[in-house]
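Two complexes are shown next, each including subunit A; its partner changes from subunit B in the first to subunit C in the second.
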Partner chain A sequence: MTTTLSTRRAQAAPAGTTSVRQRITERVAPYAYIAPFFLIFGVFGLVPLLFTFYVALFDWNPIGEHVFIGVDNFTRLFADARFWNAAWNTISIWLLSTVPQLVLALGLAHLLNHARLRLAVFFRMSMLVPYITSVAATTIVFAQMFDRDYGVLNWLLGFAGVEPIDFKQSVLGSHVLIAVMVTWRWFGYTTLLYLAALQAIPRAIYEAAAVDGAGGWKQFRHISIPSLRPVIVFTIVTSTIGGLQIFTEPLLVSRSAPLTCGPVRQCQTLTLFLYEQGFGQFQFGYGAAIGVALFVLVVALATVNYVLSTRIRPER
Partner chain B sequence: MKLRIVTPVALAAALALTTAACGGGGGTTAAAPPEGGKSFDFWSFSGINQKASVEDYQKKNPGIQVKLTEVGSSVETAQALTTALAGGKVPDLVLIQGDDLPKFVQQPQNFYDLRQLGADKIKGDYLDWVISQSVAKDGSIIGIPTDVGGMAVAYRTDLFKAAGLPTDREEVGKLWPTWDAFIETGKKYTAATKKAFVDNAGTSVFYQAVNQGPQKYYDPSGNVVYSTSPQVKTAFEYGIKAVQAGITAKQSSFSEGWSAGMGKDQFAVISAPSWMLNAIRSNAPATKGKWDIATIPGGAGNWGGSYLAIPKGAKNPKAAWDYITKTLNPQGQLAHFVDSGSLPTTPSVYKDAKLTALKDPFFSDAPTGTIYTNSLLGLKPFYIGPDSSAIGQEFLNAITNVEQGKGDAAKAWDAALANIKTAIGK
Partner chain C sequence: MTKTIRRSGERVRWWTYVLLGLAVFACLFPLYWMFVVATTDTATATRLPPEIAPGGNFFHLAGLVFTTVPFVRSIVNSLIVAGTIAVGHALLCSLAGFAFAKLRFPGRNVLFLIVVLTMTVPTQLAVIPQYMIISSLGWVDTLQALIVPGLASAFGIFWMRQHLSTTISDEILQAARIDGATTWQIFWRIAFPLVRPAAFVLGLLGFVTAWNDFLWPFIVLKSPEMYTAQIAIKALQNNYNIDLGLAMSGSFLATIPLLVLFVFVGRRMVAGIMDGAFKG
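Right, the complex of A and B next:
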């Protein structure tokens, strides 16, 4: 539009001035187009980020005094067993949710791409339903299903003669419970990403492979996966970033001790620990220090993942 | 997953940012009052039907407009207030739950000293130990109490009968003058029925017992004494004893299993402040008429209660104060009790016929007013500090861990002390 307008103007006005104006417009316009994003990112992303680093250096009572204490929050943090517990919980829940989720999504995408399904659009679209369901609703339903005394899961296990399992109370059980919720919520979205990428692969390649005698598994292994590399890298990086920030699910698991996700912090994640310190205890400085530590952890793990996943290459 | 890419720190910082930028959710309607003081902003909790009292007030005071915002749960309201105070855009009147109050009392500069508006003249109307919780170190009064919980035991008459226990509320109260006797009664019940007696040990035993004495987690001058206070240790031991007696249903209060278990006869007894009666009604409507209410072991107790406060930046403190004096005076609180069952903080109406005559059909026509107000009269004031709720939560967690998890009963006390020390640094 800008181009058309300026071209028109160029025809009407004296040649010399317009070409300068036009050149300036063309230089500036792209920046103007992307400016809204960076403006909003600056206000809601960058400034809070930098401000967090600043607050982390204070004993910061939101409604009282702000005392500069340097790195004391960090020294305290690294000596705090609750921090390491939360870090371990976060990584454990992330692994338990991300790995099955990506594998499941890959398999489902393959099926949806190849199988001759009736109502294919229906199946593809219905996978997005968990994604658009409110996290709180999902969590409450799952927490009920996994309940020790009145949960449908333990009721079914009862038929097999299994003693009721108290998922929420044990460390592994609560991690599995949250991982199931996260997987449930995200596998459809990831599947559709993979499916879109799979559909971009020319059929001819599969047909050629079939002529050469490659079966379904070999086609999947040697054509689909290498072709999906960019999408797999993308999903691994985003699920690392998202998975390390799981918050709502653990917050809603334990009604009696919500901020710690249970009496012994069995599923308290780093974001929940941050929330407990910041909003539960009003220690904004300490909460901000947890945020900085989480930031470092996310950057580190995302980098490692990126490096590892770029090693998926087409075989030659 | 793209949507989840909120910078990790954003959460920490968003809070700081909100303080600077928006001044907290909920109350963005704040505007200059028209015609000098005819309207004011009021932040309250959701789910307590604050609207009814506001409408009643507006009816009696035509021309005054109360802009009520139901922010969320009591905790969410306190959080919104915190960000609002830090950001400077505050409501004129705010409801603060008792557990959240100490953090604000520690920073009284954020609130109007209600003595300047006339609180000195009316403070004698309120229970001493209740109003003293809103008095700051400098002597300023930052909140006027709206209600208290009181304490009693709700029990199932049908299940008691099946277990061969008495069902009359007087006799049941006599079964457990002490917590030891309560646990013994539980053993008898469980032996006779093979079912759990009480919902859990943490809230139904420990939380109640720890409130029954002159000193809790702090001494009167505000020093933390949770590790040496005999009252705390004794209450903790009662909790552990109840677990070891095997009389608890291991259902944490307000959990899904707790709500379900209530309707499925999983336990026969709940320690219930007055507001809990509504939770029982809505969780187990089919048990109507099968419950009754008896006195709590130890006789006295309280759980819950809230305060109305006026933030320093309020635009119309006079109108807010008028609301406080007109709705929280003894007669106002009595009327509110009759309407909603929330217990007055003004002892002068405890003998009023309107209060004593009230009977609750869901609970076998128990005279709730009399039972709950009696539990308040024996209470002694104790100092509640900024970390009281954190300390209480850690003790509760330690007991729950023994009850539901793999916690070692012998090590529970030391573990709780260690956790508290990490949490509050002293």
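Right, the complex of A and C next:
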């Protein structure tokens, strides 16, 4: 590498003698550098997304016929109780996992944001451990810990006189279980993002507030929260996009009926429903229609959340 | 490294440590529990009161994992996929981030806006056409079906652009140009070495994401020899005759490589995430 650099430099040294070919290379270079992303995103992101809308209009069997049926898949979808069940499950799990996660992260970031905190590195690193643990492993462990008969949690609750809770079998219980797993995985990462933003706030602002008699809570509400606005918006939008596409947790929670997340579809999410119809039943057209519905849901909720969260204003 | 400015003055209250300690416990206990069930005899998962100390049965269960599924192969597959993605992703995103941060060319701002906007596109719901494309490429049940789509990301480009525009001054680049360096030489000899730490963390994040990915490998991979570690865990769980200890053991074995990695580079990961795009 060093030799080619020096020879090329020697050739190019006299000004004005750069070859035409080299000049073209230089002109094209920026586009060549960004091309891989656009190529990859185009082939594996954009084209499949657009193609989803197309396939949704067909009765599309992966190894058989493709028959154009217009909006029939959608009429069928809206009349399908399983679809509405999956849609409500998705929204419920998303709310149960997002709201506590962001609140928890905010509180922990506030606690960590202290100049004299000891073991700061240890706390930060520990909170990133769930993020590096795979969803598959997480799900298997949590499903066991939340087991009705032999789970640690119910065993501990037993001391408080609580009857064993069958998390996996009930609707709310299975949603809570999945939400706990999602929260566990992401709250540390979110905490670090919030902490970084907190540390960027000049100390003088807090000092001035303290002089004016503002206590810890008031400082938190009137200085920290407004300053965190960009990162809060970012985390709300990304956790909306991610939280509505949850798949692995519900698939692995139920060992007996994985594709429906239990016998009565108590925690089947839209992505899991999509998988069940597309790859379990080989109805690519119907599966794609679920994808379109999910797309609309994600875009709608992400937009609503974006608009709502940008309303957080600095308060005086 | 900029000096961090934090909440001033007052000393840390004791309950701060209690609350943070609880958070740490919540983060680490599930992993400890995974280890406990993976090391005691096969009936531990179904006994009350639960065992809370690890037993000596780890090697028995680990042995079962290796004979039930081609586990070594699946770890190797995961290493190939995650390793290639880590290196490729860091390089390609640095290159694109360099172009957006330091090169002037027509259409730059519009193209960068498009990159940022693609971050909001939920592509996971397009798995059916994605599968069709992979299928028409003849890539079903191959590792490149996992590797190629993960080689570049909008997040990575955004991240590297941020670092490149703050770390490297235009004067250095201009000086290099006057010396007759080509754009590629400027990138490879000057810019990339200066942002290597950021690229390293980006590579780590890519590695972790690829190692833990589930949905896409679950759809694309068919034969047990092609399984990644995560799909192997799922296969262990499918095995009804053998109890949960086996799945736990597999989960634990598949988590060890990342834990080991984390011990060495976790600090840099934390710093990298905090040093990312949202400071200020």
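Simple rule for what comes next: the second predicted complex is superposed on the first by the 281 of 316 C-alpha atoms of A that agree within 3 Å, B and C clash if a C-alpha of one lies under 4 Å from a C-alpha of the other, contacts with A are read in each partner's own complex, and residues count from 1 in each chain.
Here is the rule we use: a contact is a pair of C-beta atoms (placed from the backbone, for glycine too) under 8 Å apart; a residue touches a chain by one contact, two chains touch by 3 or more.
Just so it is clear, the model here is predicted, and its values are computed rather than measured.
When the two structures are aligned on the shared chain, A:166 is found in touch with subunit B, with no touch to subunit C. Once chain A of one complex is fitted onto chain A of the other, the partner contacts of A:114 are limited to subunit C, with no touch recorded for subunit B.
By the document's definition of touching, both partners, subunit B and subunit C, reach A:284.
Look at A:255: by the touch rule set out above, it reaches both subunit B and subunit C. Residue contacts after overlaying the shared chain place A:247 against subunit B and subunit C alike. Of the two partner chains placed by superposition, subunit B and subunit C are both touched by A:275.
The larger set of touched subunit A residues comes from C, when the choice is between subunit B and subunit C. Of the two partner chains, neither subunit B nor subunit C is touched by A:209. Residue contacts after overlaying the shared chain place A:45 against subunit B and subunit C alike. Applying the stated contact rule after C-alpha superposition, one finds that A:152 touches subunit C and leaves subunit B untouched. Within subunit A, the residues touched by subunit B in the first complex and by subunit C in the second are 44-45, 47-49, 51-52, 55, 62, 140, 144, 149-150, 189, 241, 244-245, 247, 255, 270-271, 274-275, 278-279, 284, 287-288, 290-291, 294-295, 298. On the side of subunit C, the complex with subunit A involves touching residues 4-9, 11-12, 16-17, 19-20, 23-24, 26-28, 30-31, 33-34, 37, 45-50, 92-93, 95-96, 98-100, 103, 105, 108, 111, 115, 118, 120-133, 148-149, 151-154, 157, 179-185, 187-189, 208, 211-212, 214-215, 218-219, 229-230, 233-234, 237-238, 240, 244, 247-248, 251-252, 254-255, 258-259, 261-262, 266-267, 269-270, 273-276, 278-280.
Contacts from subunit A toward subunit C in the complex involve residues 1, 5, 8-9, 12-13, 22, 25-26, 29-31, 33-34, 36-38, 40-41, 43-49, 51-52, 55, 62, 107-108, 111-118, 121-138, 140-142, 144-145, 149-150, 152, 155, 184, 188-189, 192-193, 195-203, 206-207, 210, 219, 230-231, 234, 237, 241, 244-245, 247-248, 251-252, 255, 270-271, 274-275, 278-279, 284, 287-288, 290-291, 294-295, 298-299, 302.
Subunit B meets subunit A in the complex at residues 1-2, 4-17, 19, 79, 82-83, 85-86, 103-104, 106-107, 110, 202-203, 250-258, 260-261, 264, 266, 390, 393, 396-398, 400-401, 404-405, 407, 422-423. Residues of subunit A touching subunit B in their complex: 44-45, 47-49, 51-53, 55, 61-64, 80-82, 140, 143-144, 147-150, 166, 169-170, 186, 189-190, 235, 238-239, 241-242, 244-245, 247, 254-257, 260, 263-264, 270-271, 274-275, 278-282, 284, 287-288, 290-292, 294-295, 297-298.
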